[in-house]
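Shared chain: subunit A. Partners: subunit B in the first complex, subunit C in the second.
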Partner chain A sequence: MILLAAVIVGTIVLGSIYALMAIGLNLIYAVAEVVQLAQGDMLVVGAYVGYLITRFVPNLFLAEIGAIVGCGLLGVVVQLLLFRPLAGRGHLPPLVAGLMLGTAIEEGLRATFFQGNPVRYPSGATLSTSLFNVAGVPISEAQVVIVAIVAVLAIGLNLLLNRTKLGLAMRAVAERPACARMLGVPVATVVTLGFGLGSALAGAAGVLIAVVFSYITPFIGIDLGFVALAICLFGGLGSLSGAVIGAFILAFTEQVTTIYIASSYKDAIAFTLIIVVMVFRPSGLMGRLVAERP
Partner chain B sequence: MNWAYIGSLAAIGAINLLMALSVYVPLSAGLLSVAPIGLMALGAYALAIAMAAGVPTPLAFVLALAVGSAAGLVVGLLTVRLTGFSVAITTLGIAEVIYTVINNASATGASAGFSNISPISSPIVLTACTLAALAGVVVLESSIFGRQIRAVQLDEIAARSVGISATMIRLFTMTASGLLAALAGVLYAGYLTYLDPQEFTLGTFNQYLMADIVGGLSSVVGPIVGTLLFTALPEATRFLGGWRLFVFAILVMIVLVIRPRGLLDFVPLPKVRFGRRKLGRRPPAMESAALTFDGVTKRFGRVHVLNDVSFSVHPGTVHALIGPNGAGKTTLLNVASGYVASERGSVLLGKMRLNRRSPDFVARAGLVRTFQNPRLFPSMTVSENVDVAVRRYQPEQKADEELWRRLQLEEHAATRASALAYGQLRRTEIARALRTGPSCLLLDEPTAGMDREETEALRALLLDLKAAGLGILLVDHDMRFVMTIADRVTVLNAGRVIADGSPGEVQRDPAVVEAYLGEPGTGERSTVDVEEGKVGRGGVGNVKIDA
Partner chain C sequence: MSNAGYRIHFRPSMKTSIYRLQVLGYAAAFALTAIAVGPANARAAGPAEPIQIPVLSSQTGPGASYGENNVTAMEMAAAEVNAHGGVLGHPIALEVQDTQSSPSQAAILVRQDAAKYLAALGPNLSNDAKAAFPVAVQLKFPMVSSGISDARIMVANRPWTFSTFIPAQVLAASATETWVKRTGAKTIVAIVNNQDDASAIQESLMQAAVAKDGVKVLKVITVASRQPDYSAEVSLVKSLAPQGIIVGDLPPDAGAIVKALTTAGVDVPVMISMNAFTPDFLTVAGKSARNVSTFTEFWSGLQEPAAKKFTAAYLRKSHGVPPGLSAVTSYDSVLLLADAMRRAHVTGLGGSTTQEREALIHALAATKGFHGLLQSYDIGSEGYRTGAGFYLRITNGVVSLAK
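And then the complex of A and B:
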């Protein structure tokens, strides 16, 4: 019973971080029509930005804000310099660009930070993982804070998308870019900002992952990118609510596998899910991809 | 000169080239496959395990190649229905599964790797294998099959419309990619004599991909030059130290943005060298066959786009299909040519059922179409576009100068399709359709975008084709053209056949007048856009409906 409670708590924590990551990826796909294959590496950039900040000021909230701003700016720059010029050239160039960006980020971080050896946040900037009981459910300070941060971000994102003019413009561009342009929406700018927002969410997830994993290397991004991709395919590319549902389902599966089977099989879940969904339901489980017709 | 060092560089270069080719072959069909890195591992480990089990070296070599090719075919089968980025993502998953297995299974030595492999990759073996593989790719690329692979890359729908089986081409390129990757893996294992699973990750794949992107995908010269560059560069850029791959990745991104077709953009598409290149077409209507629609029904959601549509297009006739916008004309063409499956009813060419057949099968059966928006291969010339439609070269074939003159294409033969005007695009598309030697032709709005002179030339051509026994199903909005060329007219409205007969009968049919001009007596013209000043009284002869 305690074990089940631990699984549920773990699912909520991990699932909320996964949701951030996957919503970011989906937002980029919806607005910019790009499957950002370097989203996992963007997350790692966030984790390292957090690391840099906590080296000087050991405050996790500052690290979180720094990672959001840093990755948001990086996303804007990457969209302007790399993905915008590639738009309209078919599906291959953005995919290749994502792979190359991933290599550049991994190798750049490896060369900058101790040859890629694991780094840890200083003790003042981490959260206690010792468990205490709340009505018989074991919970740690770290878990409470992470879920709280994600909740705040989720509310903020919801307000941004539904209550602001920029959010309205993003949703319009996601659904009918040509129509949005005719109505005077500056589509190119909105796409850039959407890309930045999606990247900022990855950065936000990066700091939280650093807390959960307790260490980071430049290479943790690949598998996390897979996780994000699997979630998006499962929940339907471009669907934000699908990403949330998919994130919690995948997190739950991983928790159960780790606790009841073996943790070495955990990583296989995401890409097995990718293959199964793609092969048997090419349009995604709740997908909206449609075949091309003349 | 340190010959041992140069030798090792050459060996690594040869393996790099094989991998660059393994990534290049699917790319030339428009597929980004990450599977090669996993298939390279399969080949390498298959050799190592087989030799450790005492299998004789040549047998182990062949076995490893067979494993790689078979795995490539499986990758092809798993991804054959997928389009665009889905192929990349699925193969990424496949490569990661293979990596996870070799990194954890005891048979492969898990993360400790596999050592003590016999050194079988002598310089002679390496050179011979690499040259053989390279020769294979060059021959493939300069054959008619190579042209078809490129056609699938440029526009799969158009390629299928002239009978190219994109399915077969995708399976073939994925299998060939698996063979090349396994060969690279085998030589790699036999050269290094140990295997480290960390060498078979996405990071390594990206390095092979870099060579293809920087060299360019116009022809096999791209991967060759790219590989030379990336084999030599690490030596020339030692001063970069740990930043080497970072700098390379940035450079590749710059190339991707400012030279999308790679550094060797100026290298033209490979010329077809197998068989004599002849312009012209097989005589149409090798065996004349009627095209029959029998009760064809199709719904999109709750809307009946086609409702029990039945009529026949006989050999040696021009049969027009007209109707207001949204009547279902293009959908009917899509059903006939295999792009859309009907729910009920059948489409027959002669006695052959075409229902639920692939578009390329339909085209090879002799039913060939053009598109409402012309779909040519933009980077190919007019004559290359037309030649794509040929399945094999027939040296005895006579060039049909007459057809080219008729379609006013002879002076444009060497022009890239991307530089053509709209009417020229349409004429090229018709020439391409005829090049397949069809027994029945489906033309979707052939006169749209054509001037009067072009339209009259088309009329003459269609009349000749008709006289030669070809059946032609014509969808067009130029009523003057339709009513003067058609032997028979079928009128669709809201998915139903509302009239079927000679042009004269149809024009007098009250139901047709109603469909085009609104309710009788009310003067309402809600379903048509009538061309200014050309509204005829009591007939539809002059009515022009917008596309």
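And then the complex of A and C:
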């Protein structure tokens, strides 16, 4: 029973964070049609912004807000200076630019923060107090707060996309950018804002990862960025609901494999599952079978 | 527009001509000064021409924190060597080369260095050494590393490579047997990072040691580097209810595992591998490290005068980052190479020869009673340092030497 409860709790907590990472990446792809390979590093920037804030005020919520604002602004700047000039030059240059940006961020953070030595949030911000037990599995304050923060952000994003003019414009640009332009939507501005929003979500995920992870280094985003990309491909590139479903399936597969088979098979089984789905549904679980966006 | 127009446009004015004359005058004066001073400087520098020693170190990439800390210690050691007359009257100068934490890059650097230098220091990571050492053997190029935790790497690369690190094969078994006796654990769970060679090897040695004492290994749980969450593994450990846990992982990840175990209420003795115990482990685990044991060759809290002096000097250079074990072994690697060069009467200046390199490795292999930073030791026939380590206990984040 304890193991089953551990699987469920682990899936909810880890799946929530994975979902946040993947939604950000998918949002960027949907509006800008760019696979942002530095998304994992944006997450790390968010984690470090949170670290700086918690050094002065050990408050997780302030760290979240700071990371969202900081990474959102960084995303806007990166889109304007790096990805906008590369728009329309094919898929490869933005991919390479993302990779290079990721390396620059990693090395920049390493040079800035204690030679890349691990740092951790002060204990006041990590909320490690155990609140209650679920079938023998202790649930910490942090786990509850993480799920709550992700839920609030997901609901907020849903409202933004479905109940506001900006959201309508983003959806229009994601669906038919040419038509949106003809209808007077400032496509370039919407793409920039979408990029900023996707980066802000990565920043939010970064702070949560720092809490779960116990420590941060400039390099924790390498694997996580890859996981986010895999989830997006699995759920369907550009599909926000696909990102959420994909995130929870991946988290569930990882937890079940770790507990009932062996941790060493965790990645092998999870990623084989993704490959199998992609073979039968190349556009992912919730992706549309559209080769090129008009 | 005609060509004449261009000529008129670019004809130098009187003012420009004067300026040119001034520039020519300064250049001539500079050239004369250089001619006069140059040979004098060359003559003065002749007897004290520095011996360049390349240092293969992970300055960037995931191993960067190790690399930068090691270089800090190596620079301190080089200053020490030079303050005592250098090597045969020549100061030594370290040339740090970045392996980028990449074995292939480490191998490329060895190939380049073998064409230019007498010997090299490094690499500081076992994974890099696995690729770099065979190249050194092939090119007959002496290398002295400071971070090889697996004796098999040294054995496979005789006679051209050496290490100032006591391998896990020597320390892990005895320390784990001590831990079993102290804790009385009869059942254990092993948590190991198979992606890191050093961790995996130490973990397997520790498992072998406990098995020898009749301890039952209930399960071996493998984890990955930089894993975001250990809740599943911790729940698994909890369900097995072991009397002890041994962890073989990189320092921050081992710290995160210990923290996750404590947070989940798993309160049994934990033994961590030697490579897991660095200041990073303590940074991450903090007070969650309630009942942890480990073994090492150095700890910055040691009260020996030499250790205290080194730690104080290191902290001034590292902006407060305390030295780990590899800082001490890096320091020793510089002293050892300089000492061997003196004994072999080689400098490599003017192009190193095969005879010089052979003389150097013979001197390294014949090292007996070498005065390292903390202890005197030999270099064994398999190229690595011999000696004993310390058994440490960490209680509520505080490290103490076990009696």
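Please note the rule applied: the second predicted complex is superposed on the first by the 251 of 294 C-alpha atoms of A that agree within 3 Å, B and C clash if a C-alpha of one lies under 4 Å from a C-alpha of the other, contacts with A are read in each partner's own complex, and residues count from 1 in each chain.
The criterion applied here is as follows: a residue touches a chain if its C-beta (ideal position, glycine included) is under 8 Å from a C-beta of that chain, and two chains touch if they have at least 3 such contacts.
Remember, predicted model here, so these are calculated numbers, not experimental data.
Asker: A:Glu107 contacts which: subunit B (first), subunit C (second), both, neither?
Answerer: In the superposed model, A:Glu107 contacts both subunit B and subunit C.
Asker: Taking the superposition as given, does A:Ser214 touch the first partner, subunit B, the second, subunit C, both, or neither?
Answerer: second
Asker: I'd like to know which partner A:Ile53 touches here: subunit B for first, subunit C for second, both or neither.
Answerer: In the superposition, A:Ile53 contacts neither subunit B nor subunit C.
Asker: Return first, second, both or neither, reflecting whether A:Val44 touches subunit B, subunit C, both chains, or no partner chain.
Answerer: A:Val44 sits against neither subunit B nor subunit C.
Asker: Touch test for A:Gln115: subunit B only (first), subunit C only (second), both, or neither?
Answerer: both
Asker: Pick one for A:Val13: touches subunit B only (first), subunit C only (second), both, or neither.
Answerer: second
Asker: In the superposed arrangement, does A:Asp267 touch subunit B (first), subunit C (second), both or neither?
Answerer: Both partners.
Asker: For A:Ser130, is the partner it touches subunit B (first), subunit C (second), both, or none of the two (neither)?
Answerer: Touch partner of A:Ser130: subunit C, not subunit B.
Asker: Could you list which residues of subunit A make contact with subunit B in one structure and with subunit C in the other?
Answerer: The overlap between the subunit B and subunit C interfaces on subunit A comprises residues 107, 110, 115, 222, 264, 267.
Asker: For subunit B, which residues are in contact with subunit A within the complex?
Answerer: For this pair, the touching residues of subunit B are 27, 30, 32, 78-79, 81-86, 88-90, 92-94, 96-97, 100, 104, 157, 161, 201-203, 205-206, 209-210, 213, 241-246, 248-250, 252-253, 256-257, 260, 334, 339-340, 371-373, 375.
Asker: List the residues on subunit A that touch subunit C in their complex, please.
Answerer: Those residues of subunit A that touch subunit C are 2-3, 5-7, 9-10, 13-14, 17, 107, 110, 114-120, 123, 128, 130, 136-138, 140, 209, 212-215, 217, 219-220, 222-224, 254-255, 258-259, 262-264, 266-267.
Asker: Where on subunit C is subunit A touching in the complex?
Answerer: 60-62, 64-65, 68-69, 194, 221-224, 226, 228-229, 231-233, 235-236, 238-239, 251-252, 255-256, 259-260, 263-265, 279-280, 283-284, 286, 321
Asker: If you look only at subunit A, which of its residues touch subunit B in the complex?
Answerer: Where subunit A meets subunit B, its residues are 35, 37, 81-82, 85-86, 89, 91-93, 95-97, 99-104, 106-108, 110-111, 115, 222, 226, 229, 233, 264, 267-268, 271-272, 274-275, 278-279, 282, 289, 291-294.
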